[in-house]
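Chain lettering (A, B and C) follows the sequence in which the chains are written, and residue indices restart at 1 in each chain.
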Amino acid sequence: LCPPGLQPLCSRAQVWGRSARRHPGLLLAQSRAFSNNKILVELDEGAGVATVKFKSPPVNSLSLDFLTELSISLEKLENNRACRGVIFTSAIPNVFSSGLDITEMCGKSTEHYAEFWRAVQRMWLGIYGSNMVTIAAINATGGCLVALSCDYRIMADNPKFYIGLNESQLGIVAPFWFKDTFVNVVGHRIAERSLQLGTLHPAPEALQLGIVDELVPQEKLQDKAAAVLAQWLALPDHARQITKSMMRKSVLDRLVTHQEEDVQHFVSFTAKESIQKSLRKYMEMLSKKKG
Amino acid sequence: LCPPGLQPLCSRAQVWGRSARRHPGLLLAQSRAFSNNKILVELDEGAGVATVKFKSPPVNSLSLDFLTELSISLEKLENNRACRGVIFTSAIPNVFSSGLDITEMCGKSTEHYAEFWRAVQRMWLGIYGSNMVTIAAINATGGCLVALSCDYRIMADNPKFYIGLNESQLGIVAPFWFKDTFVNVVGHRIAERSLQLGTLHPAPEALQLGIVDELVPQEKLQDKAAAVLAQWLALPDHARQITKSMMRKSVLDRLVTHQEEDVQHFVSFTAKESIQKSLRKYMEMLSKKKG
Amino acid sequence: LCPPGLQPLCSRAQVWGRSARRHPGLLLAQSRAFSNNKILVELDEGAGVATVKFKSPPVNSLSLDFLTELSISLEKLENNRACRGVIFTSAIPNVFSSGLDITEMCGKSTEHYAEFWRAVQRMWLGIYGSNMVTIAAINATGGCLVALSCDYRIMADNPKFYIGLNESQLGIVAPFWFKDTFVNVVGHRIAERSLQLGTLHPAPEALQLGIVDELVPQEKLQDKAAAVLAQWLALPDHARQITKSMMRKSVLDRLVTHQEEDVQHFVSFTAKESIQKSLRKYMEMLSKKKG
């Protein structure tokens, strides 16, 4: 199953897959970049580390295509024994990710809404349930769900960068598994207030609330992410993976058990005329801001 | 069903009810106070904001009458589409609320204990499950359960004002839903220690532990509460309400499912001679303090 | 059932048991020490306070013998109405406890692993579920599980002393009930990170993360523990005990319900050759450090 535009990833999988790991002599280089449309993956097999860079201009929206490519990239890395840790970051200056792509939820068919939501679920299940060590190097505004699903979050120390789950500002509702992920990071009280208000927190506040683990100057972000990842990789994989699974299993299982219900709930909510109106209004506001 | 002393509220409901909201021309004034014995409600329909003031001297104890009036007032506001947010505060200087009225639990019939406890449950279900934005403007000592059940807590910045759930100091036990509410605000550890010791925390400590969200000078408390409420009301109601319900549903459901069990448990515990003795001792201590 | 080496404790139980409490005239002294091999218990019946001192050189490892003696000592105290509170501390300078004794998990029979694990469970059920007030006076490095299971944790203020659950550094995994205990103290996020990394936190960091409740100078530790215990004992026992049980019941029940499953899981995991290899490696590293 190889959707158009993902050929490089797919052929890589065939060349670099399990057989590649068993026969490293087949590899042309230890470190090498492969790319598709919206996600750039740099894998350093020597270090066991991949950097997954978002490069979907203008704002790395979590569109259906973006989500699908991200999930496929991750699944390849997950199955690659040479990869033990992943850093997520953005290749676009001043934008990490704008979050869910509203155009995917507006004026489309219910089938489209369902397909989109399954792609959001798949991405979250992939990151939150990853056996690899996952680090978010949040080099600009946004991307709260991706970041919250990682093992560790480092953000560029700039009060002009924001992070948060702002669904309620758009008149929509973060699903229970966004909420569970958020609560597991910051606790019930902070999540309750932040989700109700749809707050986008400036970086210093995000640190104070525990949404991110540390702030570092922008120019040191990638080095710091690599250093933190190296610390985590110093631990034996097996015990760490079982421990991670023990911490996250109940929240992961809750979505897995209710996955199709959750899709149907999203579709029927999104298709409501009142919600469509609210989303159109929000998009108009955004386009005026830019104009 | 219109208990004596609540006529103003009830007639208001008939005049100002749903039909009033549909025909604002019928209203004589946009803002108007109505009162009963122990609760003063000021509703500003223009702003969509009600202030609920406790005025049951000497210490705003949560007596059966107080609780019943508070619940009826809230239910009226809940059903009034013109009201989107509520501020709880006290009309009595230096007292917010002394908490559960011990005289209702001492030397009375088991029927009375049951009626009292149902009134406590009803109040909590009303505030914790409210669709409105709820702000506690804690202008003096006390009132922890009401405050913890709100969306946001502002306390007068005075170390002589205290807040906490002190049941265990009286030899009685906070029920599981007080505990769940407390844990959802401050986390398991702080709740465990505070509930075991029945600590009344001075305002600065309450802030530090997360029992309240901010402290402001006494004279700015009401303005601050109004300003915070306005921020919350800037959000679309529907998404905020669903989000709030998602955060609180499991804790609310737990009481709803075990409501009658919880009443019976309270009654049989309270009716024990050892507990009655302990409560009498506590009341004697209180009356000596005053004398 | 009186295992060899525990005679003093057992005969004390017969002499000082329930009948002793009913006939205090039988007691030779109000305060008196009794000892066995690895645990020293000092009971001050006047104050209702016992001090349980770990004295199993060199490092107070939680060996099968140590755990059994600790559990028996605790069960005696639990059944002694004259004892309302316990302070856990170490009689060995610069060591509180090194945690689980790895030699019990390495190169032994599966029957031995099962017996060892049941002893760990028994100790935890005894401390975490104790009706007494439990205070950890952590006068040196280690002992995280014992400490986390107490009602209050005081640690000597020395950055050279460490505390944490470092299982994953050994290639093994803390069981779900260690995790539940940890989460109840520090919340999900801190537990998730600390357990994955198997971090041993220096005392100041342990305070900051909430792993311990306060730091005091080494020489004031025992006095401070006694003072804190006295505060807790000022509360009526019954209400405090019910409150404590309400806070901890779901976590205790989870192990009780899955106790034998948990033993079997531990045995089959521990008996794996890969785990045995990892433990041998860790022991070699430790012995090199010492050498």
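A few remarks follow.
Criterion: a residue touches a chain if its C-beta (ideal position, glycine included) is under 8 Å from a C-beta of that chain, and two chains touch if they have at least 3 such contacts.
Only a predicted model underlies this, so the values are computations on that prediction, with no experimental measurement involved.
Look at the contact of subunit B with subunit C and you find different residues on each copy: under half of the numbers used there are shared.
Relative orientation of subunit A and subunit B, expressed as the C-alpha superposition rotation angle, is 120° to the nearest 5.
Rounded to a whole number, the gap between the C-alpha centres of subunit B and subunit C is 40 angstrom.
Across the assembly, subunit A contributes residues 187 that each touch 2 or more other chains. For subunit B in complex with subunit A, the residues that touch the partner chain are 151-152, 183-187, 210, 213, 231-232, 235-236, 238-240, 242-244, 246-248. Listing the residues of subunit A that touch subunit B in their complex gives 167-174, 176, 179, 187-189, 191-193, 195-198, 274, 278.
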